[in-house]
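Below, chain A partners chain B and then partners chain C, in two separate complexes.
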Partner chain A sequence: MDTSDALVKRRPFDLSRLSSWTGDNGIYLTLLGLVIFNAIFTNNFATTVTFWNLLVQVAPIILVALGMAMVIGTGGIDISVGSVMAIASAIVPLTLGWGWPVAVICGLLGGVLVGAFNGFFVAVVGMQPIVATLALLVGGRGLAQVMVGAYLQIIYDKPFLALGRARVLEIPFPVIVAAVMAIIMAFVVNRTTLGRYVQSAGANRRAAYLSGHPVRLTLMSVYMISGFLAGLAGVLATARLAASDPAKIGLLMELDAIAAVVVGGMPLSGGRVSVPKTLAGALFVQVITATFIMNNLSPIWAQVLKGIIIVLAVYIQRRGRRA
Partner chain B sequence: MEQPASQDGACTSTPILEARGIYKQFPGVVALNNVSFQLCPGQVHALAGQNGSGKSTLIKVLTGVYQPDRGTVIFKGQPVSFGSPREAQAAGISTIYQEVNLIPLMSVAENIFLGREPKTKMGTVDSQRMNREAKELLADFDIEVDVRAPLRSLGLGVQQMVAIARAVSIQAEVVIMDEPTSSLEASEVETLFRVIRQLRDKGIGVVFVTHRLEEFYEICDQITVLRDGNVVHSGPLNQLPKLSLIATMLGRELPEGQGEITQFAAHETTAAEPVLVAEGLTRTGVIEDVSFSVRPGEVVGFAGLLGSGRTETAKAVFGAMALDSGTVKISGKEVNVRSPSVAIRNGLAFVPEDRRAEGIIPGLSVRDNIVSAALPYISKGGLVSRRAADEIVKRFVAALDIKVADPDQPIEQLSGGNQQKVLLARWLCLNNLKALILDEPTRGIDVGAKAEVQKLIGELAGQGLGIVMISSELEEVIEGSDQVVVLKDGQVAGVVSGDELTEGNLMRLMAGQSGAEGEPGDGHE
Partner chain C sequence: MNNSRSISPRGKKATFDIAAERMRLARRERLFSFLQRQGALVVLIALVVLSAVSFSTFLTTRNIENILVQISFLGLIVVGVTFVIISHGIDLSVGSQLALGGVIAGFCVQWFWPLGLIVPPLVTGAIGLLNGLIITKWKLEPFIVTLASLLSVRGLAFAITNEKTVGISDVPAFTWFGRGDLFGVRIPILICLLAFLIGGIVLTRTTYGKAIFAIGGDEDAARLMGIDVDRTKLIAYTVSGMLAGFAGALLAARLSAGQPVAGPGWELDAIASVVVGGTLLSGGAGSMSGSLIGVLLLGMLRNLINQVGTLSSYWQQVVSGLFLLIVVTAQTYLTAQERRR
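For the complex of A and B:
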């Protein structure tokens, strides 16, 4: 009698039952639902042009989110990724004189270097990740702007621009890069010692240390990986834009990347990394943005709605996991 | 001075705080079973018991952190039901924890008056009055500090005093002190005791918890001993000699033999060279000059009360706690154990006491938990060999009889006993393993698993491993060890083996007695 009463009371708004069968894979269903919704209600959504556009736009988010997933996997966070993109972008016009391969490599090295900086402050100095990377979030973009001057720098180097525009078998090059990186990261997560070290450091750092894991080196590595991937995203974005614009490139990217990881169902406390879920999370974030733009929603309301949807998505998954 | 309690423990006036028939259950364990407790005004009441005896739970019930399942808490003669520690504090029950619960960046005065700052007519904080009153209040306790200085600039002991001053200034009638001395230096402890005596003389009831038994005899009048959630003794402290107290806490018979303990070097169980030697391990305030050695095939037990430095010694040897001085030799070779990974590379392993906090890696599978320490050995170029991992898992799941449906199952779904076996497997799969340190290997696992683990420890020694076994259960250390190192206050109190290895001898060493002449009220002023 008592218990049945309680059940009836709980029924009206109980997301936990919905999510108990979606379980741990909530993000895929949520993404599917969003795509179906758009296919029905949004004009021109189910077209090849939109399809490729979406993938091209999501590519940098995927790259950055892959690195973010590793960092978050250790229980950390890297909010400097947007500024790292800007730095990589600023390095490109400065080094393009030596040929595009040099420019690309220097851009990537710039990212790795910033990552090493972050890693040093987190792993060796013992700073809180958000504080350590905040310094470069703020200072990094300023540095990038100092490097190229106040105005954006147009880039004419054809082979370099091809990195952003070329297609191989119809597939845009940035999408190929993102896919390759996703495969590599999936491999790292599932098959390498680093993958175990990362998840152990996030799940129980003390136990990992007592198991003899190189915890510092692990932390150092994830920030460097995150820096590398953000640098790569910055270089590709520069090629696509055909200009180095450190004031704009990668702006607020850290938020999209964190959102992708969180919506993907990985806890901010760390201990879990899933590349497929990161991909789905990144797609989700981008599809929402596209939905609003394509339906001519005011960008202000779009932001609000985006926030609400993210909270809702996380809530459903949290309930699901507990059930 | 009038005694607050008569000889049978009943208060001469109304008890200020009383618990009657408290029953509290947590999933799988009865934490408090029909516990009754009386605190008289002007009494310093010792609360004693081993880890997991229910002390903390009782304190939490008294201060409103937990609600009892059955039974009542009576404060000043009235049944009360505090919903939170805040309510208890407002009513007059203050709790002081081991870690100071104040705000380090605020000034001393601000901390004392936090939440009830004196106001000016304008409604702003009257800092002058606040500073003056804080200074007066601290002067009552003979503490002279700059009350405008941030709290964190003071020593831990003084911070503790500030916490107590705050507690008293909000008209506390009961002050509960949960291990207040564990981070204090000797002189600070003296100051604390002086303050406690002042509180007692003002008629305030004090509940005092410590793991240093001498402190009980120095400051307390009454004692309640808990074991496994039951009150096993309650009465005036001067009628309970230290040795009896230890026997009561451990649930053992009082030792009868009056024999002297001969302290001799380890007898030769094997002629082989020791696999693990620790010499003069010292870390100020934690352990001092601790030495021991373990031969292949030998089980060396570590006995001692809570806070005696058993776990700390183990961690120091394993590289998980930095040392001020001392050397560790593994297989005759001196090793600078600056981290666990160095210790592991040299053939040492450590199974921690707190499985959840330091052992298992939640969210990861049983497989990944087992091979966690073996990763460098089953990978090439950073690439983990699935096959090698599977082989290890298969072998040890069978060998240790780990009950697991699927090695990909998350570790947290296993029972405590099976988790412990996983942690053992984590080390046993290392080919170069020479010595194994086990901290409370059978705590919190069911009887069946306990027997299995104990049997396994013997077998491992038989295979030539050197084993250090830390245990709070006397029976376990005595039956399982070839020799036992007894620690007390961070020092080796004695080493016993052979026929000398008896409960009585261990308890005497824990009590810091070389003979058996425990006087009632030993150490009382």
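For the complex of A and C:
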């Protein structure tokens, strides 16, 4: 170790360190490149309208990706997030009769509850996270559709709709929520014991357990946080759409969230969580979608591309760590 | 030598106790492993008896035939997924592959009808091969690779059809494979049974089957034994893709349409069926007959929901999800008991 470090230090131009810097921060460069590309080649990209639109659309992805980053930080995965959004969305019209705050709280509680359900099967039963959350991915959306019925429910409650559409100092409300949550999560990750526990559970679960960390509780909380954030995203999406549509809300959200985390450079094996990189990853994913839509290409091709990007990003990380 | 002789009476006593204990544990273990392997069969029989008593429409040839036809498309997929899971992998892309296979079949039959059965498995087999290549050569986790291909392949199916169903009209030779019958048995049922039969023989009677079990048990040990691990896995993912595509073509023949939305959540159903049949998600153990029972059980559950009649079809998804959770929980518990000794 020592000798190799010394050898590296002696070199005047350290290519390996440069490549490791770009490997660590590659997401910022990639995002910058993509934005510059769009600013030049895509019409109307560099406008304030597009700017705000992008931020509004990326808000739910940021929310869900923050939770996903925590889950992936423990070495797990949560592919039920889209269905959790649908469940939260389905709860809103059912509870809106008692006033909008009740509806919002119930939606969020629904998310936390599904998260706890996931967490139970992963932490207590010991199921593979992909299997447990796959069951919720399919079953959860079914449940949301059972709750609302076959048709989408249009929502007229003005104060509730304001959650999705109001602006404070020109900034759309969902963007503010996403920003606040990002700050809170950054605090949780860097400044709390839970943040430490999450990263230790992902880096080496056995060691974390042997050093007395509450691993099960950590896993449980992580899935509940993911459920809460997905529920929040679902409620905001419902307010923005002015309707509860469990068949559509949050569809394929797991793809965007996983892509955001993986492109952000966090390893699927866990152990590392970075909120800024998650934000950059989420922006990257949304700019990709916007690139397709603004150039009149079907967003379905963006879906195909995002699948490929996930695999490539994981591959690049893997190679970077092995080298 | 002397020493060992002198302590032998004690040693003998100890072995006797251990033997008794072992007998007791072995009986327990056998019960648990029986439940884990054959639990599905017990539940299936109970469910059949229960439904036959509760619903007069259940035990009719027509209904039984319907259940079997409906389940045969999933059954084909399950055969491939069984191989993948026993090798300690997972294939989440099968539902999307089925959809892609269906729409490709829809396009191909317009030219020359046998192409509708040949091209889909070739294309989806190539995608399965790609999955396998990424998993073995780049050493990525199977779940993330096949999750990405679940999403990409579904996107591809939508993209090449412009999100529309591809109708198949006036190709009786092709649609016969989905609707016709041979010796009084519907074609999809025959094909599905054939697939299970071949799959079972390959799994238990060939070196390839042994290799799959060895890899699922311990990949490093398998490699040291001289098994070509990469090739074995590649074949498993390719076959899984091919069977899914072929199932898609058959489904298109039955529906006279290739639907890009076909097979939603079928990856879940396939995994559930395999796991219900006693195959371990951790690889290394399982059987084709178990998977067959798993598929039948899932088909029965589906049919029961329909028989009840007042439940909306969305309940099927809820039941599928719960079904998987319960089964995997039971399996985790039973295998933990078995390991405790």
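Quick note on the criterion: the second predicted complex is superposed on the first by the 275 of 323 C-alpha atoms of A that agree within 3 Å, B and C clash if a C-alpha of one lies under 4 Å from a C-alpha of the other, contacts with A are read in each partner's own complex, and residues count from 1 in each chain.
Everything that follows uses one rule, which is that contacts are C-beta pairs under 8 Å (C-beta built on N, C-alpha and C of every residue); 3 or more make two chains touch, one makes a residue touch a chain.
As the structure is a prediction and not an experimental result, all values here were calculated from the model.
Participant: Can A:39 be said to touch chain B (first), chain C (second), both, or neither?
Facilitator: Neither chain B nor chain C is touched by A:39.
Participant: Among the partners chain B and chain C, which is in contact with a greater number of residues of chain A?
Facilitator: Per-residue touch count on chain A favours C.
Participant: Does the superposition put A:126 against chain B (first), chain C (second), both, or neither?
Facilitator: So A:126 only meets chain C here.
Participant: Name the contact category of A:315: first (chain B only), second (chain C only), both, or neither.
Facilitator: It touches chain C, and chain B stays clear.
Participant: Which partner chains sit in contact with A:199 here, chain B, chain C, both or neither? Use first/second/both/neither.
Facilitator: Only chain B is touched by A:199; chain C is not.
Participant: Where on chain A do chain B and chain C both make contact?
Facilitator: Looking at chain A, the two contact sets are disjoint.
Participant: List the residues on chain C that touch chain A in their complex, please.
Facilitator: Touch list, chain C to chain A: 90, 92, 134, 138-141, 143-145, 147-156, 158-159, 163, 265, 267-268, 271, 281, 312, 314-322, 324-325, 328-329, 332-333, 336.
Participant: Please name which positions on chain A make contact with chain C in the complex.
Facilitator: Listed in rising order, the residues are 77, 79, 121, 125-128, 130-132, 134-143, 145-146, 149-150, 252, 255, 258, 262, 268, 298, 300-301, 303-304, 306-308, 310-311, 314-315, 318.
Participant: Would you mind writing out the residues of chain A in touch with chain B in their complex?
Facilitator: 191-197, 199-200, 203-204, 206-214, 271-272
Participant: Going by the contact rule set out above, which residues of chain B touch chain A in the complex?
Facilitator: 318, 320, 339-341, 343-345, 350, 352, 357-364, 368, 372-373, 375-376, 379, 382-384, 386, 426
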